[in-house]
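Chain nomenclature is as follows: A, B, C, D, E and F, assigned in order of appearance, with residue numbering initiated at 1 for each chain independently.
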Amino acid sequence: MISANISAIFYLISGILFILALRGLSSPESSRQGNLFGIMGMVIAILVTFLSVGNFSEAVIYVLAFLILGGAVGSYIAFKIPMTAMPELVAGFHSLVGLAAVFVAISAFQSPSVFGLGTPGQIKLASLIEMSIGASVGAITFSGSIIAFLKLRGIMSGSPVVFKGQHYLNLLIGISIFVLVFFLCKTQLSYYFWIIILISFIVGVLLIIPIGGADMPVVISMLNSYSGWAAAGIGFTLENTALIITGALVGSSGAILSYIMCKGMNRSFLNVILGGFGGESAQDSKEKNKEQKPVKSGNAEDAAFLMKNASSVIIVPGYGMAVAQAQHALREMVDKLKKNDIKVTYAIHPVAGRMPGHMNVLLAEANVPYDEVFELEDINNDFANTDVAFVIGANDVTNPVAKSDPKSPIFGMPVLDVEKCKSVLFVKRSLSPGYAGVDNELFYRENTLMLFADAKKMTEDIVKNLE
Amino acid sequence: MIVGSTKEIAPEKRVSITPDTTKSFKDLGLRVLLQKGYGEELGFKSSEYESNGAEFVNNNIDVVQKSNLICKVNLPVKEELEAFKEKSNLIVGNIKKETANLSNKNYNIFSLNLLPRITRAQSMDILSSQANLAGYRAVIDSIYEYQKAVPMMMTAAGTVPAAKVLIIGAGVAGLQAIATAKRLGAIVSATDVRSAAKEQVESLGGKFLSVEGSENLETKTGYAKEVTEEYKKKQAKMMEAAVEKNDIIICTALIPGKPAPRIINENMIAKMKPGSILFDLAASHGGNAAYSEVDKTIEKDGVKIIGVDNIMNKLPLTASNLFAKNIFSFVRNLYSREKKEFSVNLEDEIIKNTLIKNK
Amino acid sequence: MEIDPFIFRFSIFILSIFVGYYVVWSVTPSLHTPLMSVTNAISSVIIVGAIIAALAGSPGKIFEMSNIFGFLAIVLAAINIFGGFLVTQRMLQMYKKKKDKKK
Amino acid sequence: MIVGSTKEIAPEKRVSITPDTTKSFKDLGLRVLLQKGYGEELGFKSSEYESNGAEFVNNNIDVVQKSNLICKVNLPVKEELEAFKEKSNLIVGNIKKETANLSNKNYNIFSLNLLPRITRAQSMDILSSQANLAGYRAVIDSIYEYQKAVPMMMTAAGTVPAAKVLIIGAGVAGLQAIATAKRLGAIVSATDVRSAAKEQVESLGGKFLSVEGSENLETKTGYAKEVTEEYKKKQAKMMEAAVEKNDIIICTALIPGKPAPRIINENMIAKMKPGSILFDLAASHGGNAAYSEVDKTIEKDGVKIIGVDNIMNKLPLTASNLFAKNIFSFVRNLYSREKKEFSVNLEDEIIKNTLIKNK
Amino acid sequence: MEIDPFIFRFSIFILSIFVGYYVVWSVTPSLHTPLMSVTNAISSVIIVGAIIAALAGSPGKIFEMSNIFGFLAIVLAAINIFGGFLVTQRMLQMYKKKKDKKK
Amino acid sequence: MISANISAIFYLISGILFILALRGLSSPESSRQGNLFGIMGMVIAILVTFLSVGNFSEAVIYVLAFLILGGAVGSYIAFKIPMTAMPELVAGFHSLVGLAAVFVAISAFQSPSVFGLGTPGQIKLASLIEMSIGASVGAITFSGSIIAFLKLRGIMSGSPVVFKGQHYLNLLIGISIFVLVFFLCKTQLSYYFWIIILISFIVGVLLIIPIGGADMPVVISMLNSYSGWAAAGIGFTLENTALIITGALVGSSGAILSYIMCKGMNRSFLNVILGGFGGESAQDSKEKNKEQKPVKSGNAEDAAFLMKNASSVIIVPGYGMAVAQAQHALREMVDKLKKNDIKVTYAIHPVAGRMPGHMNVLLAEANVPYDEVFELEDINNDFANTDVAFVIGANDVTNPVAKSDPKSPIFGMPVLDVEKCKSVLFVKRSLSPGYAGVDNELFYRENTLMLFADAKKMTEDIVKNLE
């Protein structure tokens, strides 16, 4: 058994390792190292805990057994899960952390003495408050994550569930939790403790159901943050620095991350987090959900990242490039890509733009060499071997409906097979159709990323992010 | 099935079948029959045609009599028309419906200028392909006639100001004219009655002159409507100021089935700077400008007013290449590969609209 | 003049919040998902509490209520720890491959 | 002191005094005397001149007799030359030294084409100002003659490939030709014997074709030297490949005081594509290309070979504006404001070099 | 099980280092000088120590050695505090004026 | 007198306010607010200290008196100092903080009992180490800042002072300090304490003299960092959280800031900080100094900053712009400037480039509107009322020798009077002359900043920095 001082130092070290882990994960170069730091931090925290408890009875064997059991399950899941199921996996994992926090809180509530928090019925006031906050937040995290998981998995419908008075209900429940904590402190009756946990489970559900599927990543990050706060709360109860540092770290970084993600998706943070609050905003998000539901939308950084990691890119310009006068920015973007040894070519559809040769005029103005510019027939087979199609302000000329639907007004027009690329980036301002007025189903495809912005603005932003 | 073509009558310089499309016809399973010396004026050698699979006969009548389908830029001469096989087909770039009853033989006549402006028909659209070149060439010709340099040059001997170019009508020809003038460094502005034109003009770096308080005069098919009297007045007011300021004016405004709108009147021309150029691409449809006469260059108060009927003769090679591709695309649509014959499917909008005489 | 340890803990808590705030402020969007998954893994440091709970009490009685909840929490947290870090590793591996391929 | 000018002899269309420079002369304290009808062909009105301070006399001889300094684009006719005042001055754009003894009267003759290419003389440099326009105009004329479209256009009716333009000699004219062709969307390459030209060509977006293993053939004054036989062979080899590939070739290569180098021979022309254009700006100096004849357009194997003597007549307005500014700058340098007379300061490099006959 | 307060202080110290590190990481170059001057002003929080030193000891003897050094330190630190914050304010004002002028 | 707990909380609050102050200063919008936070933090820290000491004897009056005295002096300096003297002012202020730290350490050493650190001769080991570190770092900060101040003020020559064996001397002294601290702890003799302080003063001098004047800003920031560490050290001695938090904050942010500044100036951090270390590097910096001495050279950030804060900019393009094909990037830069409400025009010299109208061709290609392009006569008078002339790849056409030296080959040519602008930026790759082969004296003028780089590269970098 090691002294409290030494374990405190080691907890600090593990906290620092976690900081480094998060730092590492914020830039691609250091990301793997970051993960390693995280693992090290966790190992240290666990070892130190063993050593500081110093109780080497047979219980240790059970602890190890359960640890290994959990580890085996976790590893199995991690290896088996398909990459596409990442978001729901993270949501699922979250629920576990939440539940674990609840269990730890219960345990502390049951046997306060062993944690030095007083005796049952005589638990220190501060500890009682801390542990009920921990338990409550943990419970919210648990049930909220479960809902998020179900929505992402498709088991539950992704569309937001809203009903009248939702916000009032939430408010009511929120207040009731506070009241219950108050009574718990006053009476020390375990009864109240259980009710708090129960109600918190319900809160988690209520908080997440009004949020649409598209906003789930933000929600997950937010739940992440909750689980951090829960850990910190319990850290105070157990007077454990590791839990406090890490909990605060995870709590604030998760909150910030969800804020950043909202900004990236051009969504209002409040709107997303408060889900059902305010009649208009619910309306709003509903409408948005209906419209945006199936499209993946990204920002300049995503686009830059995708293209930087591609080995070949085909640019497909259309009328929107002309409207935005984005040709110069485009040329610059391509220059940057080429400097990264990426093969870049231009695919010009015969009727791109609004006059014959429209694209040629603009590309020539931007000094794009002629030998990088290909007409449809010469390049259409290349899409299948290309990593990224960068469709800038083009729409009709990529619309596969021209190949498939004889009733479509553009049926029979040859189109650029951009969808055969690994990823397709569409730069346009909205989901509205092009000249022919036909919806483009590519926007909703799995391998499409929409970049909603003025073409020039977006291209310039991408240039910036290509540095 | 045999596709044939005979020489055009001067001054027409274009042809409707090029060595390139000859090959395409062959690939489709069609034979190509041409009159001796076809395409020679353009520098196409008979050997080029032949190596791509064409056959030559000496006489134009022979061609017509042997072919199942004749492609022409302009309406064939009378004797050719009379010699047509029964149930054969004739595809012409441009005829008016009224003139279609020239021969009472029983064959199909298609006129490509009647193509619907639908997406699928784009590859056959001779109006677009030729108007595009016309827009380009109108600028080249205007600049050739212009006695000053067009781009701005700041030099040790003083500054050459950039020429100001005004394009009237921002359809296919107008847009290409904008692009070409812009490329050369002119200050370009343009005007049109369709409100979508504004964005299109700006997408080429031109400035759009709108008529104040005007509504959008676009028909459902994308063409312009005739304008109201009130609009005309407003437009004239705007034009007066604009015309005076510009050095080169290129007119491309048309209204399908109607005479071209008269946009520039005598007064405006009087106010133009001496040495200015007024190029009226609409001359053969009645002209957008006063004084303009088909195939003549008129000088009025130092302003050169140029009216050309067939500006395509100024770049017949490119024009023929595109024209022939249009024709080929049309034939490909008409020809049924399974039945190995030309089938006039009247459910096809393209065929229905272009057919002016049915067997 | 002694300061209550709670105050110290609270200071530590607050400072950690600031660190967490600033440290992810400049994260690249493409790393959002791995970052989320690593944060998730880290948040299962709750296992520290679980272990304490599991080992609490007198050596003999290892299956008190509190211990049992501790054990449960350990299993859950362990799933999360292993699963979280490994899955992050997998995701990051993916990024690496793309880079290497090019060279 | 009076500055005068008389009408030029056709076909020359340029003038040496414009309304603008009339004003500048006045501001300098000089009177301006012009022959009646001066500048009319260019659209300059007498009233414009007069409002800027010019005076008109009916007769060209009157002008000459009254003026202290006569500015001309070309050498005046004999009777004018005979009528010159004693101790007066004549400034001409271009005369050869040998022809300068036409009159035995005692006056100064300055020929501006002999200006040293020093920085201070840039504003008087008619070679630069006119060559610049020549380069521009050569491209416009070539493209006018060219039967295809120049810029690349990918259209529904197929792709129009961009024209390939080759510029031979990247001096002032050549560079402007590169810029103009580039603007129109052509694929432009150029060649020169001076190695500094490479960077200059590239600075305009053109591609430079270097002759392998060649040295720099630039004189200290920035002009080109005559090339060696060995170089000629290497150049010919490079040219052969280049000429074949290009659609439009514009020749501007000159060597001061020597006949223009012959760069394109008959063989090369034979290999050119029919419909190609060969524009020889050097024609009047002997020509860079075989067959080229002054002021004629010759067709050889489908290639149009254009030789123009005075291409400035194609844009006389701009050319006159710049020319007149050059003349004015020269006069300003010659005129002493204090002494109120024209002073031939032989220590001034500019005056020394241009003076071909001293009173 | 009591933890030495030093450990807590040390934790606080370390965490503050991280905060300091991340907080200025993304500073705009044009603000380098004001940032430097504000950091300088902040660092004169040493005045806290100076005040303690100055007021230390029994109420009667206010001019012990330690007090005198304390007083000296107070003067120095005070110059710095006022000077530092005011000068920063002036610099920032400059930025503002430029911006405002334009509008 | 308030309890230790409460004062600890308030110290935490003041620490947080300092964090917010630093955060605020890292972006222009929040900078003034940041300063305010800093002031608030300081006020709280001082008030709480008063209250927690609780000694309201007449001493308080003296304290207040001295506080006001110092404040008055500080305010006076702050208002009187010209803006151009900022860097040396900051250096001067630093020296004060350093000295204050030394004084506080001395005070603690003199009367350890009042701080609860034991009695003289019996001071707690940890405290002794802490206070000698604090005193030593404080002393280094003091003397180092004085040297920096003298160099910047021009009282001492800005060129680096290097001598043989410098590094060994530094090393030796460094070691000796450690040895002395060791003896101090062992013997508790005040004697050692004083020597430590003395030697530290010398170290400060030795550390800074080998660093050249150009690198002084980095040094100042580094000294800033030192003063932070000194404060933290003393904070440990006095067990004062405010000092610990703030000291660590200032220490690490100062270090990072100097690192960032080095990166910005393209200098190696180690080279700057280690100054005289390694013969070659000293050589290096000497040579650099010699060559670059008379010209001021800047980078894209400087240029961006200058232009962003200008209200009018004139662009003067020349042949170098054409060679670099920088016209598109230039246009983009101008667009960015215009978005900031800056008036931008182009001045075209009649013979700029290598053919008549050369610049016009390129600007037209980049779609620069004609009405922003002016010829020499029309714009030459505007330079005098313009803030910045951005000369991009032009040289001869700006050379004032054409106006002054009749012997120069370019005498008599009209030139653009760029030197009449408040600042002139020259983008070119080197100091080499242009077409005419004449040296351009503008490069060496006071109001000129040379931007050595390829014109396109530099312009793109400026665009980036204009965000």
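Just so it is clear, a residue touches a chain if its C-beta (ideal position, glycine included) is under 8 Å from a C-beta of that chain, and two chains touch if they have at least 3 such contacts.
What you see is a predicted model, and the numbers here were worked out from it, not measured in a lab.
Participant: How many links in the shortest chain of touching chains run from chain B to chain E?
Facilitator: Minimal hop count between chain B and chain E: 2.
Participant: Through how few touching steps can chain B be joined to chain C?
Facilitator: The distance in steps between these two chains is 2.
Participant: From the centre of chain E, which chain's CA centre is farthest?
Facilitator: Chain B.
Participant: Would you kindly state whether over half or under half of the residue numbers at the chain B/chain D interface are used by both copies, giving same or different?
Facilitator: Same residues, largely: of all residue numbers at this interface, over half are found in both copies.
Participant: Across the interfaces A-C and B-F, which one involves more C-beta pairs in contact?
Facilitator: So, comparing the two chain pairs, more contacts are at A-C.
Participant: In whole angstrom, how far does the Cα centroid of chain A sit from the Cα centroid of chain F?
Facilitator: Centres of chain A and chain F (C-alpha means) sit 39 Å apart.
Participant: Averaged over CA atoms, how far is the centre of chain A from the centre of chain B? Could you give it in whole Å?
Facilitator: 55
Participant: Roughly how far is chain B from chain D, going centre to centre by Cα mean, in whole Å?
Facilitator: 38
Participant: Spell out, as numbers or ranges, the residues of chain A touching 2 or more other chains.
Facilitator: Counting only residues that touch two or more other chains, chain A contributes 15, 19, 23, 241, 245, 325, 350-351, 356-357, 361, 364-365, 367.
Participant: For chain C, write out the residues touching at least two other chains, lowest number first.
Facilitator: 2-3, 5, 8-9, 11-12, 14-16, 18-19, 22-23, 25-26 - these are the residues of chain C that touch more than one other chain.
Participant: If I count partner chains per residue in chain D, which residues reach a count of at least 2?
Facilitator: 122-123, 128-129, 132, 151, 153, 155-158, 160, 183, 185, 205
Participant: If I apply the definition of touch given earlier, which pairs of chains qualify?
Facilitator: Those chain pairs satisfying the definition are A-B, A-C, A-D, A-E, A-F, B-D, B-F, C-E, C-F, D-F, E-F.
Participant: In the complex, go through chain A and note every residue touching chain C.
Facilitator: So the residues of chain A in touch with chain C come to 14-15, 18-19, 21-23, 25-28, 31-32, 34-35, 38-39, 41-42, 45-46, 49-50, 53, 55, 57-60, 62-63, 66-75, 77-79, 81, 83, 86-87, 89-90, 93-94, 96-97, 99-101, 103-104, 106-108, 110-111, 114-115, 126, 217, 220-221, 224, 227-228, 230-232, 234-236, 238-254, 256-257, 260-261, 264, 298-299, 301-302, 305-306, 309, 311, 341.
Participant: Could you please specify the touching residues of chain A with respect to chain E in the complex?
Facilitator: Its residues touching chain E are 4-5, 8-9, 12, 15-16, 19, 23, 116, 241, 245.
Participant: Residue numbers of chain D touching chain F in their complex, please.
Facilitator: Of all residues in chain D, those touching chain F are 118-120, 122-123, 128-129, 132, 172, 175-176, 179, 182-183, 199-200, 202-205.
Participant: Considering only the defined contacts, which chain E positions touch chain A in the complex?
Facilitator: Chain E reaches chain A through residues 1-4, 7-8, 10-11, 14-15, 18, 22.
Participant: Considering the complex alone, what residue numbers of chain F touch chain D?
Facilitator: Within the complex, chain F contacts chain D at residues 319, 322-323, 325, 350-351, 353-358, 361-362, 364-365, 396, 402, 409-413, 436.
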